[in-house]
Amino acid sequence: MSFFFQPVHSEHLGHISYIFGRDGEAAVVDPRRDCEEYVAIARANGARITYIFETHRNEDYVTGSAELAARTGAEIRHGEDLPFTYGAPTGEDFQFLVGGLRVVSMKTPGHTDESLSYVLYDPESAGREPVGVFTGDVLFVHDTGRTDFFPDRAEEVAGLLYDSIFEKILPLGDHVLLWPAHGAGSVCGSTMAEREVSTLGLERRTNPALKFTKREDFIKKKLAEKHTKPPYFHMMEKYNLHGSAAPMPRVPTPPPLDVDDFAERAENGMRVVDTRSPEAIAGALIPGSLAIPLHMLPAFAGWFLEYERPIGLVVDDAAPDDLARSAMRYLMRLGFDQVEGYITGMSEWEKSGREYDRIPAVHVDELVSRIESDEDFTLLDVRKDEEVAHGMLPDAKHVFLGHLPDRIGELDKSKPAITFCGSGQRAIIAASLLKAEGFKDVGDALGSMAACSARGCPIDRE
Amino acid sequence: MSFFFQPVHSEHLGHISYIFGRDGEAAVVDPRRDCEEYVAIARANGARITYIFETHRNEDYVTGSAELAARTGAEIRHGEDLPFTYGAPTGEDFQFLVGGLRVVSMKTPGHTDESLSYVLYDPESAGREPVGVFTGDVLFVHDTGRTDFFPDRAEEVAGLLYDSIFEKILPLGDHVLLWPAHGAGSVCGSTMAEREVSTLGLERRTNPALKFTKREDFIKKKLAEKHTKPPYFHMMEKYNLHGSAAPMPRVPTPPPLDVDDFAERAENGMRVVDTRSPEAIAGALIPGSLAIPLHMLPAFAGWFLEYERPIGLVVDDAAPDDLARSAMRYLMRLGFDQVEGYITGMSEWEKSGREYDRIPAVHVDELVSRIESDEDFTLLDVRKDEEVAHGMLPDAKHVFLGHLPDRIGELDKSKPAITFCGSGQRAIIAASLLKAEGFKDVGDALGSMAACSARGCPIDRE
Amino acid sequence: MSFFFQPVHSEHLGHISYIFGRDGEAAVVDPRRDCEEYVAIARANGARITYIFETHRNEDYVTGSAELAARTGAEIRHGEDLPFTYGAPTGEDFQFLVGGLRVVSMKTPGHTDESLSYVLYDPESAGREPVGVFTGDVLFVHDTGRTDFFPDRAEEVAGLLYDSIFEKILPLGDHVLLWPAHGAGSVCGSTMAEREVSTLGLERRTNPALKFTKREDFIKKKLAEKHTKPPYFHMMEKYNLHGSAAPMPRVPTPPPLDVDDFAERAENGMRVVDTRSPEAIAGALIPGSLAIPLHMLPAFAGWFLEYERPIGLVVDDAAPDDLARSAMRYLMRLGFDQVEGYITGMSEWEKSGREYDRIPAVHVDELVSRIESDEDFTLLDVRKDEEVAHGMLPDAKHVFLGHLPDRIGELDKSKPAITFCGSGQRAIIAASLLKAEGFKDVGDALGSMAACSARGCPIDRE
Amino acid sequence: MSFFFQPVHSEHLGHISYIFGRDGEAAVVDPRRDCEEYVAIARANGARITYIFETHRNEDYVTGSAELAARTGAEIRHGEDLPFTYGAPTGEDFQFLVGGLRVVSMKTPGHTDESLSYVLYDPESAGREPVGVFTGDVLFVHDTGRTDFFPDRAEEVAGLLYDSIFEKILPLGDHVLLWPAHGAGSVCGSTMAEREVSTLGLERRTNPALKFTKREDFIKKKLAEKHTKPPYFHMMEKYNLHGSAAPMPRVPTPPPLDVDDFAERAENGMRVVDTRSPEAIAGALIPGSLAIPLHMLPAFAGWFLEYERPIGLVVDDAAPDDLARSAMRYLMRLGFDQVEGYITGMSEWEKSGREYDRIPAVHVDELVSRIESDEDFTLLDVRKDEEVAHGMLPDAKHVFLGHLPDRIGELDKSKPAITFCGSGQRAIIAASLLKAEGFKDVGDALGSMAACSARGCPIDRE
């Protein structure tokens, strides 16, 4: 069985890359930076990677194209309207053979100007019928690509996206498989389905954006969308013009550090990032550290970390080496390579006699009592706009988590604060930031909105 | 990302099972007997397996439904027209919820009478539109299910298959994903594409059998098809009425055996199956042993082995434990559980001073010379009918490999014999059988038809 | 290289088993219950396990002899003075061949009456010289076996141990390697060195107990030793007369449970054991649960759990499946097989709106302030006698952790309590027990004695 | 349990390195070039590698000291009498602390002038008693170091070795553990025991060389020893003055090559090394290739390969990627980094129609018949001198395998040749060399001397 096709997910980032091949040749679409997996899959299928196809200059992760090409000798293809310093510019209807499979490029601007889609053909068994299409950030399952990156040309690019979808992609046929660059959880969209299998026909019938079949309606719909843009996007755009950040063919494992060494580095400017569970962070954390539980690094590190500042990790003691490596993997996908090392849990820190903070958990029953008692405290809700739209606790202050670093000045340090989100996970990030900024009395509503729903808290709806 | 969908392939058998799920629940379609992988995938996605869907009573492998159900508590569903001793009979339009996904059964007889297809819906993001369909042995990528199992009702069942495909499956819509139970390499079809991704629309346009859109033409086409039916199918049909063979939740690793012990068992009736490479077998093999290189066990063990006779393996010394385990896995999928143990390569056997056979390789240049010299020898071509139809070497005798045990009496033991196939791999199985049956002078044309094509041998075409 | 010798450690239990072999045969000394590893090592060395040697009826873990024998066909040997229902009784000077190596039994009573030591010879290269000796619980590195199991015969058995060591083991020669059944961390001794490589000569010169070369001095020394005896020892002694507890050839992975199901089982009597880190437990824990961080299960589960009561685990979300499996492994080694399942972290519990407890961390600086302020609270020090002997905080109440379930009545529930140990790890076990028993206000001194030493707290010395 | 001690074997090379540590620090003795394993063991034990101790400038493998130091920051120590371009020269009685353990250097010349032994102390539990000694190539289990590297100073250096052993090492005491740099299978000795655990006392009593307790007797004994010196030793000596060959922190996996590409490279000078089993090689091999079955690469690659000539591998198809990686590992340990890629088995080669050779197996019964029939053929026995000393088949020609490249001119190409060794494994190397050098009719006596012993062939004894 020499044909193979496999999506490769970058977990918690909503990024989907693809590898496929036949008869000893393979191609990768939109590779991420830690590219061992593509090489491993190709080998397991007895194939060499001969092509790397980029759908567009991605802005939410560091591409691995240049590195993967260096390891495999593959040829990189990308759009032709940006000053890329690597790969080969590719226009309309370029044809590529991958072991008997055929790939054809199609210009599909809108999300970015140089966006390409790639159509896969299997001449041997499907003749001239397209089999599937890699749509990058043009068309997703249940969503369409963002068109808010060029505010000056907002209408124009929304129209371009319309043309790309309605005049180029959908006409391929209802029967054509859809392979987009992102799925649920990505910041590149907001209504993507969790389901990651679809076809053009299914989208035509069920994608909410495609209901706007008239060009002007579609443009209006796109202009009305709201998206957040994490600050790290700028760096990604810079890196991805050059095929990658610094070469890093494998995920390095940051070294374990002695607690004294760690403390000294922290004093000298190293940013301490605590990746343990919200409960463990609540129990004890290093003063001044930023808490981002491991699985939230892909979504939130880009909002909080700086590229110039060295990073030191606190990892759970359950499997420190593996967890440090996972953290490193998540960080390097965003270009944060400057990890100096890690310590395992808080035990050594505690034994050293050093100070540590606590962030007491606040059950929603207690929270409601305190609200009702008219106690003067800040209830900080850090959920997204679309979540908050369904209702908030009375008197809550809403600041989206990603915007908190910029807006923290709006809060009163002298008052007790309780952070709140969907379940208490994002709230711990906010709580640690408040602590680091000098708030004395900070609690985290572990359970948060989910517990409220279960218990039936009083909710204000707009 | 709680949605997941993953095909699970049984390599070299062309069997495809599926596991999918959402929000902590999962379902498996047509599980194989070694079912750890489903459990592992479910766990990795934080889900419990709650349903097992069988498309039909499979005949080419032992089902793992009963065992998987025992391990997970899942409910088994299958068709309603056979006296199954396990699971729950399921008719038209039964509905099942898998964590918010919906599965609906559809009776699709033809291949077997009780065949079901299962349609997957994702109400949350795709409403009432079907997303994909598990078609079992009704519709494949580039092929349709066999209808030769009921020779007395040949026309009737071919017609039923037509109705199932044209009146039930295709009407679901061009945009619907196709998930069949078999792919290229399976004995359940002959023209399946290597490509395993498809949609109903793509099949409607490119599947050669679906060009026969008139019922009578389709029936005619099906009646003209020729299929081979390995003898082990009977046992599979028996086992699969009961949900499995004996319980064997994990693949056991056969024990390494001392060479003296192994030799003694072989003398007492144990069948020696040599799974090494054709070249290694050619170099030295145990007299009387049957050579089936490892990766050909799934396709050919069912033609050559008996269920009552114990089996002893010879495995390559490259990784004996793993290879013995792979052999065991392949054999147990066919219900051959009676493996007594293995020896590692031939080295200990050789050192013991015991006799060993050799099967000299015959290059096609030499073979052509011998043909042209009018030497009196048997050139045995063991390829399939459809391969032979493209041409044979002059004076070759054709017996399909699977039929050789029954037809070996047609050959003259006293003459030298050279076995031949597509590349020399299947030929080694044939050669070992000739040796075991007392043929003295047997060679294997390593390279065979592939080398002929490269060198340009004289070919007789019918 | 056909010779192999490998210690196999049961982590955190201080148990050391051994596997060694040559030329295709192997023997295992004192196997534990999860015996896959012996089989794997034997296979990796191309050997069959032909003998299992037990040094004595172990009391601190469930033996795996019967299961390992069932899997491998090996012969089990053990002492002759107990009514074992498995294996073969073995007296003085029995001889066994393991692929050219020779093993000779030697009766060495004292720790138990039926204790055997096994002397290894390598006739081929070391002739009649003993190479090493498996001493079980008779002689350890830097310690000797406990003789407190027969209080009525205390002097007699201490004398027997003297005879075993001084008249049988040491006379083998200074050059003989020492392979005992336990190392540092075991409850079977108290002064064992962390170093696990030694010889009889090295012990003769440096083992503190062997300085008592006169029989009566040695007896006096042994009688003065104090050991704790966890309640689970009784069950081990029972199991190990029969070769094992129930058969459990592999470590089963407990199933993940739905949080509602988990909560319901807990209400119906399931014991909730929280294996997360002390900090995570401090942050939020299920009311009534018993906290035993994962790596402390081997040492403390036997003091706190009952054999009749089902167990439900809370595992860290870092790698839930693996951690649940590790917990299961640790528990089954002690015969606690009745694990019903696990939940991953506290997140689902919190989201369900259910109540949860907190155990605030108390830094030693704060602790000292509170002591000095004459606040009325219980400072509970749960360290071992020998640790406490070096000094305690003023006014601390000392109860060894293992004895807390029996002595908890000595404490006043109505007063705030702070638990204290070497570093705050064992203290969390104690704190959770106090919580479960209805103490309202409980803190854990994370850092504990280690932090005190670093900070310089006031210490009372006896 | 923070103490750890672990030998790390380089399989089939007889090289033993060691890693040990305590309390977060570790040291490695005589690391090999592929040094990931030391890093992994250190991490698993929560330790940083702080010292690398070299016993001497090794000549039989490439040291990994420089690379390991670069990865870990460890300090390298070695002897002081060679112009090393790395590490720190170390004389008598230098002291090093490794987490509370103490290591003391001891000058022990003889094998080389700058040889050091390192004595391990555990002050905490063993005070001033030495626990063990790393003796490098001075004292082995059942053997002593070679003293044939300085032919001009033969007597002198044998005397130095005597002094090192009898005046420095043995006086440490009978109870001291022995940790040498080599075990059975190494070319650094000839009588080493397979057993790898020993003590100084055990050696004093059972090491055959240590029976010569008088200096002049010992010197006489050493001068009478015969050793072979593979040509690659010169390169090792050169590399190891500099800490390594080129940096190669991980074992690279050579790429799979297309068969046409492989064939073309072979025509342009690439050395084809076939690592499959002797039987597979016997079945079919590439004309001109050198056959060295995988597990014999460590022992024989250094006799046959050149450092300037690119290498292409043929690996067994059982697990091609892994086997190519193992081959690469074995080759890079000897400094043969120039591997261009591999092909999987012979199948693609055969299908391409290219020519292939065969080396028919010759059973010893047939061999004896042919000897007795007075047929004129060459029976080439390639065993070692010490093996041949026990007897040879009549009329056999003896050339040690390693010397065959130099002495092949002594054989008559025009006569049939049968190669012979202990079991037929080394014979296949010889047979492939004869084939490559133009011998037409070459057979391999699979079974060889072992089969002769089993069958009772006529043997000539000197």
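The chains carry the letters A, B, C and D, assigned in the order they are written, with residues numbered from 1 in each.
In this text, a residue touches a chain if its C-beta (ideal position, glycine included) is under 8 Å from a C-beta of that chain, and two chains touch if they have at least 3 such contacts.
The model shown is predicted, which means the values in this text are computed figures rather than measured ones.
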Chain D and chain A - chains in contact with each: B, C
Most widely separated chain from chain D, with each centre as the mean of CA atoms: A
Chain B and chain D: spacing of chain centres that average the CA atoms, whole Å: 45
Distance from chain B to chain A - Cα centre to Cα centre, in angstrom: 41
Residues within chain D bordering two or more other chains: none
Partner chain B, residues of chain D touching it in the complex: 276-284, 294, 316-319, 322-323, 345-347, 350-353, 355-356, 358-361, 363-365, 423-425, 446-448, 450-455
Residues of chain C defined as touching chain B within the complex: 24, 43-44, 46, 48, 253, 255-256, 258, 321, 344
Touching residues (chain side chain B, partner chain A) in the complex: 1-3, 5, 9, 11, 14, 22, 122, 124-127, 129, 131-132, 141-142, 173-177, 183-185, 193-202, 204-206
